[in-house]
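Each structure below appears as structure tokens.
Across the two complexes that follow, chain A remains constant while its partner is chain B and subsequently chain C.
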Partner chain A sequence: MNVLGWTTKHGPWPQGVSCGHHAGLFVLLTDADKGRERLALQVQCFKAEWDLMPVAPTADLSFLQAQRLAEDVDLQEQMRRLSGMGQLTVSLTKAQTTLSKPTSGRQWIHSRKAQHDEMLQDEQILRSMVAGPKTALSSLRHQADAVQCDLLIKQQDVALTQERLITQAAAIDTSPNASLFVTGPWPPFGFAKLRTDHAAVT
Partner chain B sequence: MTYPFEINSAAVQDALAHVADDNNRVTIDPETVEQDLARLVLGLMEFLRQLMELQAIRQMDNGALTDIQEEKLGSTLMRAEAAIHDIAAKFGLTPADLSLDLGPLGKTI
Partner chain C sequence: MPLELEMATAEDAIGSSDRRLVDLVDGLLHHGVVIRGELWLTVADVDLVFLGIDLLLAAPHKMRASGAPQ
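This part shows the complex of A and B:
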């Protein structure tokens, strides 16, 4: 069985999830072997109680490994930090524009420089959109057409945070082909610090 | 003022894929060993090429390159990228497949 995460609540948990106990916390376990199936269960558990310190769905962390992990990581302290918290994933996406094929090396390197400058500008825009008092942020991630990050928020702050994002997005001047997507709230994957010297599980 | 809200399933899928993509890790499978090794080697080559590209952009920002040097560097990096992508295609790999997940260090590309 693989570990989905830790919680302070006893459940009830969705079908396919069983519950163990160690380090003063409940451990949620599943037989599901696909990352996507485990993720779906984690989201269900999270929605039920807003009390889940998740491991990465693809981590394949066994109950035994989780017990060893508790020797190196202060799970209780982590749980206190994440209980009642979820994450919003905020993504600034730009529609890909079709560029003419560069005909020279100089033209090519200048087009790459323009893309690079645009990426830095997008990072700046995203940072200013998500910045707020007492907001914990993950590091920025880049995709071909997007830059994104995660925000750690309290359950009671979801509506307020979404409203703040809308206001800030409206106030910031972006190009017309830019869109802001907010996904969540969902388990705080980006904020569970479960790494040890032996293994990385998030 | 109104805002155009909609559920964008692609954005949700991207966010889900970030934590649940089973194909992100570098694995060597006996059935696909050639492709897996090619992915690893070409991924590292593309990573190094991108580092050189960033270094070239930094030099351009500092005004350290002449037009001729920009042309030479640009041509070299452009052809190197095309060559890496061509070899990758021969192993059935797309440019996106060359992004290697280094766990807590993030992705190479």
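This part shows the complex of A and C:
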């Protein structure tokens, strides 16, 4: 069985999830072997109580490994920090434009530089939108046509944060092929620090 | 032009076939981090040399699970 995460609540948990106990916390376990199935179960567990410190869905962390992890990581402290918290994942995407094939190296460098400048601009827009005095942010992640990050938020702040993002998006003047995706709330994957010298599970 | 905004719940994102949402969920599943570096050497406003590097940092078992050789 693989660990989905830790919680202080006793459930009930969805079908396919069983519960163990160690380090003063409940451990949620599943037989599901696909990352996407585990992610769906984690979301269900999280939505039930907003009290889940999640393991990365593809981590394959066994109950025994989780017990060993508790010797190196203060799980109780992590749980106190993340209980009642979730994350919104914010992604600024650009529709891919078809570039004409460069006819020279110089032209290719210029087009690449333009792409790079656009990426920096996107990062700047995203940072300005999500930054707040009391907002915890993950580092930025890049994909081929998107830049994204996670915001750690309290359960009661979800609607307020979403409204703030809607207002800010309406006020930003940008190119027509840009769009902002806000997904979640998710379990706080980007903020559970479960790394040790022996294993990295998030 | 105002920035177009779309929202999706976690359940919607997991069940979606929209490529952008699929990419986003894959990012959550694998937790890989891309470090992107680009360098231009320019003299008198003339770009002479470009050096670009994209590094994907992820745990070895996650890379193997994605199809890379053991």
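Observations on the model:
In the analysis below, the second predicted complex is superposed on the first by the 202 of 202 C-alpha atoms of A that agree within 3 Å, B and C clash if a C-alpha of one lies under 4 Å from a C-alpha of the other, contacts with A are read in each partner's own complex, and residues count from 1 in each chain.
Note that contacts are C-beta pairs under 8 Å (C-beta built on N, C-alpha and C of every residue); 3 or more make two chains touch, one makes a residue touch a chain.
Just so it is clear, the structure is predicted and the values come from calculations on it, not from any experiment.
Look at chain A after the overlay: chain B and chain C clash there. Contacts of A:178 after superposition on the shared chain: chain C is touched, whereas chain B is not.
When the two complexes are overlaid on their common chain A, residue A:18 makes contact with neither chain B nor chain C. Looking at the shared chain after the overlay, A:128 reaches neither chain B nor chain C. Contacts of A:155 after superposition: neither chain B nor chain C is touched.
In the overlay built on the shared chain, the residue A:104 is in contact with chain B alone; chain C does not reach it.
Counting the residues of chain A that each partner touches, chain B and chain C differ, and the larger count belongs to C. Of the two partner chains placed around the shared chain by superposition, chain C is the only one that A:60 touches, whereas chain B remains out of contact. By the touch criterion stated above, A:91 is placed in contact with chain B and with chain C alike.
Judged by the document's definition of touching, chain A residues 35-36, 39, 56-58, 89, 91, 93, 106, 109-110, 112-113, 116, 139, 141, 143, 146, 148, 166, 170, 179, 181, 183-184, 186, 189, 200 lie at the interface with chain B and also at the interface with chain C. Contact residues on chain B toward chain A in their complex (touch as defined above): 1, 3, 8, 11-12, 14-16, 18-22, 24-25, 53-54, 56-57, 60-61, 67, 70-78, 96, 103-104, 106. Every residue of chain A that touches chain C in the complex is listed here, in rising order: 35-36, 39-40, 43, 47, 56-58, 60, 89, 91, 93, 106, 109-110, 112-113, 116, 119, 125, 139, 141-143, 146, 148, 162, 165-166, 169-176, 178-186, 189, 200, 202. Within the complex, the chain A residues that touch chain B are 34-36, 38-39, 56-58, 89, 91, 93, 102, 104-110, 112-113, 116, 139, 141, 143-144, 146, 148, 166, 170, 179, 181, 183-184, 186, 189, 195, 200. Chain C makes touch with chain A in their complex at residues 1-14, 20-21, 23-25, 27-31, 33-34, 36, 38, 40, 47, 50, 52, 59, 61-62, 65.
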